[in-house]
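Presented sequentially are two complexes of chain A, the first with chain B as partner and the second with chain C.
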Partner chain A sequence: MRVLRLSAIWAALALGVGLFVLLGYFVELGFIQNLRLIFLRWAVLLAAAALIVGLVNLLAVHWRKVSLTEQGWIYSGVLILSFTVTFVLALVFRPDSPAALFIFNTFQLPLEASLMAVLAVSLLVAGFRMVNRRRDLLSLLFVGTALMVLLGTGPTPGGVEGPVVIALRDFRAWLSQVWAAGGARGILLGVALGATATGLRVLLAADRPYGA
Partner chain B sequence: MTLSGLQGLVALAVFVALLVGFLAANQRWPAHFRRIPAYEALRQAIERAVEAGERVHVSLGTGSVIGPESAPALAGLAALTRIARATSISDRPVLVTAGDGAMAILARDSLRSTYQEVGASELYEPTSGRLLGATPLSYAAGLPAVLANEQVSVHVLSGAFGLEAGLAADFGERAKLFVIGGTDDVQAQALFYAIAQHPLIGEEVFASGAYLDVGPMHTASLRAQDFIRFGLILLILLGVIVRTLEGPL
Partner chain C sequence: MIVLRCLNCGILNPGLAAACRRCGAQLEPILMGGLADEEGEADENGDWLERMRQEAQHLSAGDEPAEDQPPPEGEAAAAPSGSDKLAEAEIPDWLDRIRETQTGELRAKAAAEAAGTASPPPDQSSLDDSAIRARLGPALPTGEPAREPKWPAEPVEELPSWLQDVGAGPKAETEAPPRVPALIGQAPDQPEAIRPAEDLPEWLGEIDTLKESLEEQMRGPSAAPGSDLAPATLPSWLEAMRPVETFRSVVQMEAEEDQSIESVGPLAGLRGVLLAEPVVAMPRTSTVGSMQLDVTERHYAQAELIHKMVEEEQREVAAGPRKATGLPFFRWGIAALVLLGVALPIFSGAPVFALPRLAPQELSVLFDLVERLPVDRPALLVFDYEPGNSGELDAVAGAFFDQVMGRGIPLATLTTRPAGSALAKRALDERAARFGYVPGQSLVHLGYLSGGSTAVQLLAINPRATILEGFDLPEGMPEDIWNAPLLQGIQTLPDFSTVAVITSGSESARLWAEQVGSRMGDTPLVMVLSAGAEPLIRPYFDLQEAQPGERRVDGILSGLPAAASYELRNGRPGLALARWNPFGSSMLAAELILLAGAGYGIANWWLGRKAG
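What follows is the complex of A and B.
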């Protein structure tokens, strides 16, 4: 019974706060606008606190792996060590200090750039895999369009601008400005409706991501 | 109140009215949706994972709870409750990862309340809902270790993703897992289409609740969505006809 009462309180709180934030988008009354801003600021603060909770949780997961010497524990050890060093440096010397920026520019930036490079290779492999696995009209159209866009965007050998190259560029522009833009708008319309429905379900307490 | 504000409120009121109307009509006129093979395959994959004692991994993406990109992750959380129920008889309960601290907390809350509902509170572990990385690419970089070390066989991607969607799906494909991916970003959808075995296109990611039988409200909201979509298509067609006729006059 107590659990039920508690869940009703959470739902009522979520409904009340959600309604005020939503109304703030449509109604230009000072009271509602101010309340909406206060709620949004609280949400930002809570999200920052949640990040700290999340990081503690992340450390707990990897600490357990190191203590139990589970598979890949050495990577967990590296994570804990680098997390501690970065955290202490940023805390003592500020996040925009040369020491913190050195770590960012020397380790994080190149690693993330490498991951993007891996993505380029993955996409190429995925293109071949898709044609091999899903030999239907849509997949062939997808790969064919991607090839046409690549040919129409890339540089030509020796920088020659012949009629074929100009035709390819025009075709690429037609594909991206007419077909791709039209398709993307259709998809975005569906996504907007889906997002609205999801938001309304949370607002009406039918979905309770904060736990029942 | 401005005219656009009033229009927005009216549109929302119509949406809510349709939602409630379809919820009431669910018993008398049951919904018949088109087949989405990805969800049918997901059901089977979950059953296989439970039988084989393997784990289902749900990724809620890298979006924040307080941004507009939270919608697909909230849809993923709804699907998570159904997946958690289905896997509650397994030795290895579902594992959730997110790129946002608040989303990881919501995932843990959803898991805890679902396990309490099915009377399996002992399955809940505080580490079953994790923040994997605070930036999109660090989140993606953390995925291979999770997929390899936690004996995952089903990799569900439902949340906000950017370009890291390609990596997140590819790591699953390389490990020969069942990969299903859906998001709200058009470019990330294209990446899922190219890489994932079972891509979800357009708003299909928001239909997970209705297709996985989360509850009647999900079915009703999908029907309301479809109803409004057809209304919008009619309005667009009408607009095209009116503008075309206006041209020569």
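What follows is the complex of A and C.
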């Protein structure tokens, strides 16, 4: 009985808050707008708190790996060390201090850019092996489309763009703006319908992501 | 016939059965007034029953046990005192009460006869005992040793006929008082009044049947042909089913004052009612559910198969020879080709790629839009990308920044990524110095907006309530960043001259287009995108062409080729044009690698097909 009452309270809270935030889109009453603003501020605070909780959890997981010397514990140790140094520097000297910016420009930015470069190489390796590993029409179609888009996107060797290059660019634009855009609109419609259905289910307490 | 009722299942069993024939529970006789175990180990073997059997044999044979006949083996020690013990200890109370009642009646009769006749009064004690024995017949245990009668053993007419017979028998032969065989504890060496078998009561005749039944059970399984079980040996399955620990086949009788009074049911108010709990409620092995498994050969084979499968699962597979992991030369080769394509134009200046001559249609829309932006209101630049995408987006957004800053539009930056503020500072500081922007006056970093999509929605409603602290603010800035001269006129998002979102992900771009686009009023929303995010955002841009009143995104700039065209149109060469040749060379390398891979795959397939 108590569980039933608690779940009913949570559902009523979620329903009320959701309705007020939703009404704020359509009704310009000051009361509703102010209440919506309060709810949104609470949500932002909760999101920030969730970020901190996530950081603590991340630290705890890697600290356990180091403590138990599990496989790859050395990487966990590096993570804990870098996290601690960055966190302390940003906390003591502020995130816009020269020390924090030095860490960002010297370590974080090159590392992440290098990972993107490695991703490009990995995609090329997969593309090279694709036809050899899976010889069917779809694989050939996939590789051919990628090749056409690259040819239509990249610059043309030589000094002048000839008619072939222009034809390739038009073909690439046709692929991008007809096929890809059509598929993208379908995806967006699906996302919108899914988001609407999910929102309604939460508003009607059919789904309770906050717990039953 | 004596039978034993099993307290477990309630079925009747032969008297000598050690275990119930249905449920296998141990059977022990229940003796009123005490436990059967208290009788000692001798009674467990049914000594009393053996004595009763011997007496029945005597009765059926019609002979009288001799006075000097030795007692059976095993009873010789107990025989002399056996009757005394039975008389004193084993005769139950109810039997005593019956005896007293009968004694009283007989005394009254004797007194009446003494008054009517001149016969001498008999010894009362002997009369009591013999009369009771005569009345109860052989079922009455011998209470005490026989005593010599002190009265003439004449038949009394008032006595029942069977009692007269009892009295006449001994008189005719030995003139001794009648001795009746006792059911339990009768000493065989004591003289008894033997009655012919045909004169015995009907129930006593059943002793023969009982005897045969008992003897048959005593022989039991051992006498069965082909059986190898010992008489007292239970089969293992029956032994396993026997509820040894949980079931008590003996009911303990408590003292009367300790017995509880029944409170419910038809026996309410009675004391000492036998409890039904030992039968119906005490934990024991279920007799209903016990059944024999009908295991066929097929079942057995299937069980063996499952057993083997489980064993194979548990068996540790021996590790095979470890495959030598060589260096990934193939991947290194492809990486080297791409790296060569990027580095060659930088260091050698070749190859040279043609600059884009035709600009995308949306490029002119964006260019004209920026040209129309007012310079008295700041533009909000949102840096929503990760540092890994800075290689592309720094070059793409640089063309846009150059045009905006070339017009002298004040700038405010914002980010929803933790590293976005550092990216904004890195992208704008050098240009700020080049275009004469003064930090804090014409360029302000608002910093990190935490909270994701909710924070963006809150920013669209009330920016001043969302941003409370800036990033890398110069000295002399007011406590509240919104009081800075640059931001004093900003109350809502449409108060900015434009909002430009620089992002590499379609999710982030959709978030801004959906949450902010509808609240921008006449203020344009511009998207500066990575080439990969363009297809999902272009529908928002195309919406304004189909429905001008329902616009979401007013300008879009994506990819390095568009940025190069933008710089060419803006007349300010920047990173896009500087990276044009390396970009073209690496793209060419990628195209060649894909082409080579496709050709290799097709050739391999062709050769394999040709080889059969």
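What to note about this one:
One rule holds in what follows: the second predicted complex is superposed on the first by the 191 of 212 C-alpha atoms of A that agree within 3 Å, B and C clash if a C-alpha of one lies under 4 Å from a C-alpha of the other, contacts with A are read in each partner's own complex, and residues count from 1 in each chain.
Just so it is clear, contacts are C-beta pairs under 8 Å (C-beta built on N, C-alpha and C of every residue); 3 or more make two chains touch, one makes a residue touch a chain.
Everything numeric in this text was worked out from a predicted model, so none of it was measured.
After overlaying the two complexes on the shared chain, residue contacts for A:190 are found with chain B alone; chain C is out of touch. In the superposition on chain A, contact is made by A:130 with both chain B and chain C.
Of the two partner chains placed around the shared chain by superposition, neither chain B nor chain C is touched by A:164. In the superposition on chain A, A:116 contacts both chain B and chain C. When the two complexes are overlaid on their common chain A, residue A:181 makes contact with chain C while staying clear of chain B.
Once chain A of one complex is fitted onto chain A of the other, the partner contacts of A:43 extend to both chain B and chain C.
Of the two partner chains placed by the overlay, chain B and chain C both lie in contact with A:51.
By the touch criterion stated above, A:209 is placed in contact with chain B alone, chain C being left untouched. Looking at chain A, you'll find residues 40, 43-44, 47, 51, 108, 112, 115-116, 122, 127, 129-130, 133, 184, 187-188, 191 touch chain B in one structure and chain C in the other.
Every residue of chain C that touches chain A in the complex is listed here, in rising order: 330-331, 334-335, 338, 351-358, 386-391, 419, 421-422, 425-426, 445, 448, 450-452, 454-455, 457-458, 461-462, 465-466, 471-472, 510, 531, 534-536, 538-539, 542, 559, 561, 580-581, 583-584, 587-588, 590-591, 593-598, 600-602, 604-605.
Residue ranges on chain B touching chain A, taken from their complex, read 1-2, 5-6, 8-9, 12, 15-16, 19, 64-66, 68, 71-72, 74-75, 77-78, 98, 100-102, 104-106, 109-110, 112-113, 116-117, 126-127, 129-132, 134-135, 137-138, 140-141, 145, 148-149, 163-164, 166-167, 170, 173, 184, 186, 189, 191, 193-195, 197, 201-203, 205-207, 209, 215, 217-218, 221-222, 224-225, 228-229, 232. Those residues of chain A that touch chain C in the complex are listed here as 24, 33, 36-37, 40-41, 43-44, 47-48, 51, 95-96, 100-101, 104-105, 108-109, 112-113, 115-116, 120-122, 124-125, 127-133, 135, 140, 143-144, 146-147, 150-151, 153-161, 165-166, 169, 176-177, 180-181, 183-185, 187-188, 191. Those residues of chain A that touch chain B in the shared complex are 22, 25-28, 40, 43-44, 46-47, 50-55, 57-58, 60-61, 64-65, 70-72, 75, 108, 111-112, 115-116, 118-119, 122-123, 126-127, 129-130, 133, 142, 184, 186-191, 193-202, 204, 206-212.
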